[in-house]
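Just passing along the structure, written as structure tokens.
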Amino acid sequence: MTKPIHVTVWGENVHERENPIVAQVYPDGMHACIAEGLRTDAGLEVGTATLDEAEHGLTESKLAGTDVLVWWGHAAHGKVKDAIVERVLSRIWEGMGFIALHSAHYSKVFKRLMGTSCSLTWREAGERERLWICNPGHPIAAGIDRFFEIKNTEMYGEPFAIPTPDEIVFLSWFEGGEVFRSGCTWKRGNGKIFYFRPGHETYPIYFHPIVRQVLGNAVRWAAPEGQAWIDTCPNVPIDQAREKLIVKGPRLHREGEQGFR
Amino acid sequence: MTKPIHVTVWGENVHERENPIVAQVYPDGMHACIAEGLRTDAGLEVGTATLDEAEHGLTESKLAGTDVLVWWGHAAHGKVKDAIVERVLSRIWEGMGFIALHSAHYSKVFKRLMGTSCSLTWREAGERERLWICNPGHPIAAGIDRFFEIKNTEMYGEPFAIPTPDEIVFLSWFEGGEVFRSGCTWKRGNGKIFYFRPGHETYPIYFHPIVRQVLGNAVRWAAPEGQAWIDTCPNVPIDQAREKLIVKGPRLHREGEQGFR
Amino acid sequence: MTKPIHVTVWGENVHERENPIVAQVYPDGMHACIAEGLRTDAGLEVGTATLDEAEHGLTESKLAGTDVLVWWGHAAHGKVKDAIVERVLSRIWEGMGFIALHSAHYSKVFKRLMGTSCSLTWREAGERERLWICNPGHPIAAGIDRFFEIKNTEMYGEPFAIPTPDEIVFLSWFEGGEVFRSGCTWKRGNGKIFYFRPGHETYPIYFHPIVRQVLGNAVRWAAPEGQAWIDTCPNVPIDQAREKLIVKGPRLHREGEQGFR
Amino acid sequence: MTKPIHVTVWGENVHERENPIVAQVYPDGMHACIAEGLRTDAGLEVGTATLDEAEHGLTESKLAGTDVLVWWGHAAHGKVKDAIVERVLSRIWEGMGFIALHSAHYSKVFKRLMGTSCSLTWREAGERERLWICNPGHPIAAGIDRFFEIKNTEMYGEPFAIPTPDEIVFLSWFEGGEVFRSGCTWKRGNGKIFYFRPGHETYPIYFHPIVRQVLGNAVRWAAPEGQAWIDTCPNVPIDQAREKLIVKGPRLHREGEQGFR
């Protein structure tokens, strides 16, 4: 039997409580809806965490036990504490997968991973979106045909200010005339990262069966595949060099001293 | 006549004043030595800035007039103010080139651009380094033959925790048995980034004629080549959609409102 | 004064003579129209070459004097001789830029550079195309605003079977509902490569002022920027190793012998 | 129980029969030795194929049943038939993994996948090689510490004329002073590609336990992970466009006709 993949769905859970339209669409919170969709996959063990929990629900031990972290945020990006952002980044570098949803393009974690502004253009008109698959053989697109459609959605348009993705899985066509790189992958350290555009909170997008299928595929794709690794800039003692060395110059650091940070 | 490229060499200027060995090698500061080397290229206009100046010498107008920023830091990475880091990042995204030297692998700006830990291994033994050129046709390697050597240097070894570079220009061989990706390029937004390994402060590496040649080449390579661009996530008004749209669903934002950050 | 960039526009010139619709749109051949557009840029020296010339007009000396080769082909990809394809590839690796237009996605040279099938989907209905700029600061997009439109064109749709581009400059939206990566860059050896989608031969697309502007931008971007380099797998004689070596094992090759091909 | 991965080890099997030194090191052929090493992994089903078999042992059905193809060739690259090369490429694009060993940098298949010259420098002196791991968390490096050593080997040095790898897993240090990108990954179509440098035929390198471990890791990494996909440039009939279209211009092709190749 294959080991289950441990997934944590993080949601800021703000609009669901403050905005009546969102509350009606996602009465239990968006994180709960996303988690419910993932639980239909028997190989996944799915938990949730939210902004208002202690340490935003992302304690050291919770992250240590998480294989893939799914991130929904929109109204409260600025309320996520920097110390938690650093902790999430370190765990990603170690190998945890990270899936950024829709407005999470502007989350602190995603912006830190990208190193760019992550800007885009947008419009709320409930228009139609068609997501085309750029590589029908990609595991994130498994089981989908050439495209799928979302009847009513917010538009995100290019330019999307990201570094070149390793692969583009989905490209969106919008009724109003725009296009967008809607499914993109990167690797940072040993963490696999997937950005997936669909998901505005005033529409029931996380109930959409193909959106749910993509999220399940993405979680499986982003699960760690190597050994956990993150480094701390170790000094190599001179007498442990693989080729014999005689010290030939002055040094800033004494033997065994840490480097600067 | 071609327009000159405006270069700013930033140095933290700490070790040069506090450590007598470094003070002897670089009596005017490392930034001054690096700038002096670049000034031998008639097409470059070279200024400097240091940590202890107001705003670290990196005011809005100074950055606006800088085409390429060269960064030396080691002992005082943590003293660089976050607001200045953000300002430098924005200017890089707009198109300013950025050259990170040696220990700047751990500078705040470089780590923010990479989105990884930027860890490596290191040893101070004054050993020999040989830098091989991976692509003799690359403009950063112009005028150099297949390799060049540095007689005494600190060692940096793999694993170097960076995202895959766009191109690797130099790979280092060390006397003690290690290897390192010593010359790497990336692009973030419209800014071209070059990381160049040579440069420990207890050795006169920035007086080395080929190191100076590489820095001149790198500055020319990193100069902006397109139009300055950085974006602010603009809303596209519904009546300005290129294809006629009728609003079909609820909205979070009123017309003209800003998105969340 | 800056040195001019030498451009060769290669056209197969088949449909222009055999198909009356194409002959009417491009009476002098498509290569002539493309060259005419580029000649409005004073910094470019533009010549042409066609399939029916000796060596397809791509002699050793013609290629040696070409900085950027622009390629139009469609009906006669299979008639391009393999020896000429190899010659063009070698010159690209040395540093010559290569711009593949529209149906050149299936040209021998482009397929060899990509290493993939280069397949796509297509439809001829004279529909509207809108090309969005993914990075308004990219030199290939200089002088264009956020998008431009082509009133009547053939559709090319995803999946486009290419390796991940270094950068995507244009993404297309089609009236019939598809999307396409319409402006993509790669580097192979020292040659910069740009694929540009617009250009079906039954429409006057190469008369379109913005298409012409993009082609001019692309030629300037693709011009060689380093020193010409291509290698021949040289043996390094043992006595020329940078570190002293004593032969410690058997050899397949005698000293000075060539490697296998 | 997990499905086994089907591996085919292809060897040209020329030097093993013609050169007495090689025959002594690899009496059953190099392909047999490589296959034997892989068979110690219970999850792999390993077969072999050689140049002198009909269709070089790479029939349509053999390839259809192969998940990962391991390729050894050196003296007889030019004898591999182009039709078989095309067949192997198509199967890679569909999803089959491909592992190119040592001198296979100059094999027809590898050169076609790369689109570059694949040149390097080399020396036969039986010198020492140390392979450093650039990312200790990468699955291809699983179970290995920071480096491993090969006591006697041929040297391969930079410049290695390849397109930028997706990831570099190993970098080599050589006793004679050179460095080399010895473990590199790419993706072409849906096929994962790994180039692994170690392997000169006059040394017992494929008996080395860590070399064998890397090959096992690499095979597992390169196994297909999505659904097989390769495309044939299909026409999209106008009446099947997702958005209603009215034909607005002339056409080169009649409805249902194939495109040009």
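Note that the chains are named A, B, C and D in the order they appear, and that numbering of residues resets to 1 at the start of each chain.
One rule holds for everything that comes next: a residue touches a chain if its C-beta (ideal position, glycine included) is under 8 Å from a C-beta of that chain, and two chains touch if they have at least 3 such contacts.
Quick caveat, the model's predicted, so the values are computed rather than measured.
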Starting at chain A, fewest touch steps before arriving at chain D: 1
Inter-centroid spacing, chain C versus chain A (mean Cα positions, whole Å): 36
Cα-centroid distance, chain A relative to chain B, in whole angstrom: 27
Chain C: positions in contact with at least two other chains: 130, 135-136, 157, 159, 161, 164, 166-167, 177-178, 187, 189, 229-231, 242
Chain contact graph, described as a line, ring, star, complete graph or other shape: complete
In the complex with chain A, residue positions of chain C that touch it: 130, 132-136, 146, 157-161, 164-168, 171-174, 177-179, 181
Touching residues on chain C, where the partner in the complex is chain B: 2, 94-95, 130, 135-139, 141-142, 147, 149, 166-167, 187, 189-190, 221, 225-231, 242
Chain B contact footprint on chain A (complex, rising order): 15, 19, 21-22, 74-78, 89-90, 93, 103, 106, 112-117, 119-127, 152, 155, 157, 159, 161, 163-164, 175-178, 186-189, 200-203, 230-238, 241-243, 245-253, 259-261
